[in-house]
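Some structures to go through are shown next.
Two complexes follow with chain A in common, the first pairing it with chain B and the second with chain C.
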Partner chain A sequence: MSGGAKPVSRAAVIAVQIAVPVVLVALWYLATTRWGVSRILLPNPVAALQALIHVLATGAFLGDLRVTLFELAVAFAISATSGGIGGYFISRSTWRIRVFEPLLSAIYSVPLILFLPLYVLWFGLGPASKIALGASISFFPVVLNTVAGFGHVDRTLVTAARAMGASDVQLFRFVLLPAAFPVILAGMRLGFTVALLSIIGSEALASLAGLGHHIVELSENMEMPGMFAYIAFVVAIAAILNLVVSTLEARGRRP
Partner chain B sequence: MTALSLRRVAASPALGRLIVIAALLAIWEVAARWLVDPMFLAPPSQVVWRLGATFGTRGVPGAIGITLLELVVAFALSAAIGIAAGLVLGLHAFSRKSFMPMVLLVYGMPQITILPLFILYFGIGPASKIAFGVTHGTFPIVVTVAAGVQNIRPILIACAHSMGADFWQRLRYVIFPHVVPTLFTGMRLGMTGVLLGVLLAELYVSTAGIGYFTTLFTQNFDPTKLLGLVGTLAAIAIVLNALMRRLERHFGRWRD
Partner chain C sequence: MTIDTAIRISEVSHSFGEEGEARHVRALLDTSFDIARGELLCLIGPSGCGKSTLLNIVGGLLAPTTGRVDVFGKQVAGPMPRDIAFVFQESALFPWNTVRENVDLAMRFQGVAKAERAARAARALTAVGLAEFADHFPGQLSGGMRQRAALARALSLQTDILLMDEPFGALDEQTRMILGEDLSVLLAQTRKTIVFVTHSLGEAVFLADRVAVFSARPGTIKKVIAVDEPHPRKPDFVTSQKFTSLRNELYALLHDEIRKTMSAERARPPTPGALS
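Let's turn to the complex of A and B:
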């Protein structure tokens, strides 16, 4: 435990990484078949896998997936646009940064999911309340990163560009945007992840459709294999979406 | 430049912030009084004025007490588990190489999908909220503490070792002072996670916590009480976060 640079066997690491999931699934299987854990609490892993294959094969997920993706797309479009424009506007003067930045980060520290009951009161149980909440929650990482990105561009670069006679548009296009872009992209990626989470979350809490809603519906009907299948499906969808966004971010970061 | 400095004197950022807040409150007040149906929005003056009545509603003080208790227990558990696991992962190279990818993988999963399972396993009482808070709060602490410990230069630990410091002495005099700043960063992130987890579970199903009352006030179309309750919790979250940030800065100072 002395933290020295002891050589670590790669084979052993891989063995552990394979063994842990295998043991977990084996324990899960034994718990449902041998040790008599109630099927209402934990479905048989084989039954869950069959349910997953059934869900994928029949395309039963398409309706809910479409609802969730639609909400996500609209919410993220709203927060990315408003956060980007608002952040740029704030970042144009140090005074504005010092006024708005602490306010925005204070609100960002509030778990805005608290306001879900209000959003439901205002926008109903349909997609509108999820879009509104997702957009509000993801607005903050986008706007804060945009402010940070544009606000901390090296003054020398700006002065140099000005001295060489750059117009406002040229300054934005060739100095400010390239300098701030990686930070803004990071904010957008964070905003996307947060929007996805809050949309699935608000679907689970109060909704009529969507992937989050479907998991809750299955749990209320005690259809455990189906519920586990849907959980796995939603986790996979989230992983794919996050992977796509991270790849886009990495590509956009390259000059 | 002179115009800018004049403006700086005339409107310091703190004053500007107050003006922005006042303007937002004024817009809200006007909208609530004259533009929006009172079933859906209450003016801020009324929310504040009726705060006493909101907290006088039978069960509300108890609900806030239960929710705060859930938060405290969940945070204590997250910190204990997170620091212990973070130290092991940070100090022990084999565990880190083997388990860190798994930890990061699980950390990246949308935990909200398994919320119904928590209710199923832990019931609709405080236990499920605490458990969901713990799974949200532990991961950021583990990851931050592990990263913080790993960043200690090995020579410092080796040096203490060769001077005869035992494991606990190394922990107390070398590792601990070095991780304190990252520890507080981790604790702040963990607190944000705990807050999110507990509130999500509260909003999902609740018999006595604040989730019960947000549902009740929503269904009764009572925005005054709803805004009073939600606003109070938001204020608590802001204060806790500011406090953690201050602690973070305070304990990180010795480095500069």
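Let's turn to the complex of A and C:
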């Protein structure tokens, strides 16, 4: 609770959090059944739910989900490895930190999704361009946090370890890595999230397969209930993945 | 060098930054001194007088600009983990490790075999009265307990020399007194050679066999005062006539140097610290 406000009961918070989506769905339902909004613009929520159940029951989503998860896994593996190694290398010299940290921050603030046409030109319409884009975008939070993590380890701890005779490997394993780990982990979680966003986004813009691709395809075929079903499915997948990554991050931290 | 000399400091000078630079600081000037085996030497002086710098040079964490330091007849050229252990002002414990893990890791760095480490860690933690807190993380301990843990870590290394850089500097007066008494008892048992940097006159007189008083920057040893009182020192030593007169003597010596430092500080911008 902040600023001396009255304590809010937890039940009230949860009630409002549930009420907001319920009211939205109710409005949605009324819009399609009572207020005459065209079914082409907005499908009936019941139809969307039926479509979702159908998609889940038939497993029709599996092919696209596999493509998207594959792209995500490869992209994240590339950015986590290169960002981690690159960040460590930069952090080992104050000169390199001074050169590269502002440079990388500046590039990170550019919406790199604008380069998608170029990536498609280079890597084709298939998964390769999504992987390249996802890896490029998620590289930045990983590398920046790795630099921040390794670059700001308490000097006293390093001096103490050296005085006790720590070798370079021991210094890395027992001092630098545990000191930097929580910050690096936060960067990885951020990188994972932006990789997912940029991959689904780029699938929607220009691709041959994947969840983002399928949503656009349904929309172009005017299959509104199916499109809404897939959107709900992607939201759920994204939420589950983020939950998994956040849990891993929380586990990775020690007191 | 006689067999009884543990540390020989020969004409050591140290400067930070290059000559002619704005931030060039001459921290230590032409300091020579011998520290006997088993002796507890306190370094005391105005802030910025180079006493921590000297300690870091003795420990091999800093190379002197000129001069040399010999430890047991060997010239110091870098950290000597088998001969020298440190206790820093901030405990410098690894916050992600428990107290026991911290002690164990220090021995692992030093190269102690795994089989030996557990028993030695337990002994060191018992010696400082922290056996019950072995599985606590440093963040769960008070400042005084953290410094005890840091001391246990240094003791577990079983070095002949212990270098302590204002180890109780961040603690309150009462905790500091108790830790000082405990340290005196511990030292009487181990007979290590100890160099102890402090700001506190009382702490210096209470702990030291000899107190080396530093001049203002560029620092050098101005005078050495012997405290002829056996270890372990009793708490009532503090109230004795001898303690008071030694403390007054130190105060008189230091007073002028602190005045000099303060007038010099008004005349020039602040300068970088000794290390870090």
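Keep in mind that, in the parts below, the second predicted complex is superposed on the first by the 238 of 255 C-alpha atoms of A that agree within 3 Å, B and C clash if a C-alpha of one lies under 4 Å from a C-alpha of the other, contacts with A are read in each partner's own complex, and residues count from 1 in each chain.
One rule holds in what follows: a contact is a pair of C-beta atoms (placed from the backbone, for glycine too) under 8 Å apart; a residue touches a chain by one contact, two chains touch by 3 or more.
All values derive from a computational prediction rather than experimental measurement.
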item	value
Most chain A residues touched (candidates chain B, chain C)	B
Chain B versus chain C as contact partner of A:Pro178, first or second or both or neither	second
Touching partner for A:Arg155 - first (chain B), second (chain C), both, neither	second
Which of chain B and chain C A:Leu116 touches, first, second, both or neither	first
Contacts of A:Gln170 with chain B and chain C, given as first, second, both or neither	second
Sites on chain C touched by chain A in the complex	59-61, 79, 81-82, 84-86, 88, 90, 92, 94, 96-97, 105-106, 108-111, 137, 139, 157, 275-276
Contacting residues of chain A [partner chain C, same complex]	155-157, 159-167, 170, 174-175, 178-179, 254-255
Chain B to chain A touching residues, read off their complex	4, 7-8, 11, 13, 16-17, 20-21, 40-41, 90-94, 97-99, 101-102, 108-110, 112-117, 119-121, 149, 152, 154, 157-158, 161, 167, 170, 192, 195-196, 199-200, 203-204, 214-215, 217-218, 221, 223, 226-227, 230, 233-234, 237-238, 241-242
Chain B contact footprint on chain A (complex, rising order)	1-6, 8-9, 12-13, 16-17, 20, 40-41, 95, 98-100, 102-103, 106-107, 109-111, 113-118, 120-122, 196-197, 200-201, 204-205, 212, 215-216, 219-220, 227, 230-231, 234-235, 238-239, 242
